[in-house]
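Would you mind keeping the following structure in view while I ask a few things?
For reference, chains read A, B, C and D in written order, and residue numbers begin at 1 within each chain.
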Amino acid sequence: MTTRMIVLNGGSSSGKSGIARCLQAVLPDPWLAVGIDGLIDAMPASMQTTAAGIEFAPDGGVIVGPEFATLQAAWMEGVAAMVRAGARVILDDVFLGGAGSQQRWQQVLVGLDVFWVGVRCESAVAAGREVARGDRIRGMAVSQAEIVHQGVVYDLEVDTTHTESLECARTIAARLGSSAAPDGSAGG
Amino acid sequence: MTTRMIVLNGGSSSGKSGIARCLQAVLPDPWLAVGIDGLIDAMPASMQTTAAGIEFAPDGGVIVGPEFATLQAAWMEGVAAMVRAGARVILDDVFLGGAGSQQRWQQVLVGLDVFWVGVRCESAVAAGREVARGDRIRGMAVSQAEIVHQGVVYDLEVDTTHTESLECARTIAARLGSSAAPDGSAGG
Amino acid sequence: MTTRMIVLNGGSSSGKSGIARCLQAVLPDPWLAVGIDGLIDAMPASMQTTAAGIEFAPDGGVIVGPEFATLQAAWMEGVAAMVRAGARVILDDVFLGGAGSQQRWQQVLVGLDVFWVGVRCESAVAAGREVARGDRIRGMAVSQAEIVHQGVVYDLEVDTTHTESLECARTIAARLGSSAAPDGSAGG
Amino acid sequence: MTTRMIVLNGGSSSGKSGIARCLQAVLPDPWLAVGIDGLIDAMPASMQTTAAGIEFAPDGGVIVGPEFATLQAAWMEGVAAMVRAGARVILDDVFLGGAGSQQRWQQVLVGLDVFWVGVRCESAVAAGREVARGDRIRGMAVSQAEIVHQGVVYDLEVDTTHTESLECARTIAARLGSSAAPDGSAGG
């Protein structure tokens, strides 16, 4: 079975979206890059100012309410459907619930061959990049750096602390290529 | 049956995304706003520089190649799946193929109650707004203003030439509310 | 004397920046478009979270502190210097202090031929456009619509309530052209 | 004399703007961050499509025409005036003309105490970051990496190849602090 879905999980400012764009550049086929930031943009603006939505606390904490969770669940089904309909998809997400977040994705993606990638970055380095980006709430990088990986099982982990996005992408692509190699021959 | 999908079709700079944001503000439930611009952003950057992808000609023309069309088809299935999974979705699209584009959406959305809205804007006015936005290729507004509506059947048409986005959104919401009213009682 | 500076003053979401971009498109010479939004972007991010900086209240009110005011004053001198050095400049500003704000600009721009334009928009319409834009704090349009014009003297006023940005720009350009016509001949 | 101007010169994707934002965060006083990207945004859109303006070639080369150069010269005077009027300014520029570009700034900034910083990044690494950013023309990073430093004299050079933006900013701030220390006592 050919892998047509890559999940990149990591904390804020760990470098996921940069890796996603590099993957799009280095992988031979066209892949869609979708992610949690796009979902938040698609939500009503009011979702960020009500308790039922999503709250970005001044200290970087994120609290997800029931209305956000409902739309998120439907969006997850939509992403899975894109893959089932033939798209190759790179998903960029932040597993605020750690292993529980992965299980929800596993249920939605059942039957699909998914390549799970943990994107790590030392907390202090991610915090510095958060400052350099200038458009993020300070504190998210630190508060998410560890918790998003708790109990999550990966096919591959990359660490952007000392490795460039493009190099991480090449590592992922190489592993994906070798795992995809036996496709149609000896299994997969 | 309650309508959980609104399709806004119109040419570039006709005001679709402004109406979508206003709809999110005036409708009582939370709706996701997704659209063709988001799909283009999700594609590889190379998609905009290869013949197989999407080409924005200097005169405002848009040519869609086979690789773009393949990902677009899968994305359409994904959007439909979000609605089937319970999300309310406002879709903002440009039917470059007119009636043919609508038919492709109808096939994907089969069984769903969809509210089709034509977003019109006089060609010269849309062209002026294109200049005012500053981030669009000149000529798209004019080249798309008419063709995207050819043969398309709507539940409602709005015209932003002399009507504000918020007022258009209120008109749509009112019609949606009244059509949804009999839900569970006398049909719908 | 040839006019090389146009000042557009109006409340948030009154359409200033759209007019500025249209002016750049319709005026025969190249003009720089600078404005208060650019100044805010150039400030440290912390400027928006300290009392000494600038505060955007949830109700749309804006309070400017001493540190912001100091940098703003220096920036104003810089804009004036660009014009004195030969640039044509369209300035997009929000005179929160009404006549007092204009006087401060007049002192900075002394000796320059400035074309002052009031950009008006009915409060309710500007508020609707604020919703449609989606990236502005709700309430700014209403709270600024009137106060920014109090006591301000203009060469020309335009109203975007029922007039497109491009048409406003053409009106400004026409007046500028006729006022510039006598340049070098009968005065100006 | 207290330094109130920092010039960051480096090729595209070398990390200048990230360092500028980090400097704004670590320096005790409020500094404005201005740069060549802001100037390009302030120019008419047509400036990027005419030979007299600025041309971004598909291979990453940049050609500056006479109209662009004229506005740029006036903008430089404006930036100098902001500093003379009391603002602290971090300038982010790309010296396409190497030493000649620096000389033009030196003429404009005469009499001011300027801290010149070279921002280096290995060509291949900058090229990778260009891919990861996704919004830059491929090739600019490589074509500019070396030429922008030719003949330029610096007070300090930083290299983002293996050093984070925040750490570079701290190094600059430390040097600035020690050079500023004798202010009012033994000169500077």
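For this structure, a couple of remarks:
Basically, a residue touches a chain if its C-beta (ideal position, glycine included) is under 8 Å from a C-beta of that chain, and two chains touch if they have at least 3 such contacts.
As the structure is a prediction and not an experimental result, all values here were calculated from the model.
In a homomeric contact, the two copies may use the same or different surfaces; for chain B and chain C, over half of the interface residue numbers are shared, pointing to the same surface.
Bringing chain A onto chain D by least-squares fit of CA atoms involves turning it by 180°, to the nearest 5. If you average the CA atoms of chain B and of chain C, the two centres end up 33 Å from each other. For this pair, chain A with chain B, the centres built from the Cα atoms lie 27 Å apart. With centres set at the average Cα position, the gap from chain A to chain C is 41 Å.
Contact of a single residue of chain D with at least two other chains is seen at positions 21, 25, 45, 134. Taken in their complex, chain D has these residues touching chain A: 15, 18-19, 21-22, 25, 125, 128-129, 131-134, 162, 164-167.
Chain B meets chain A in the complex at residues 21, 24-25, 30-34, 38-39, 41-47, 53, 67, 70-71, 73-75, 77-87.
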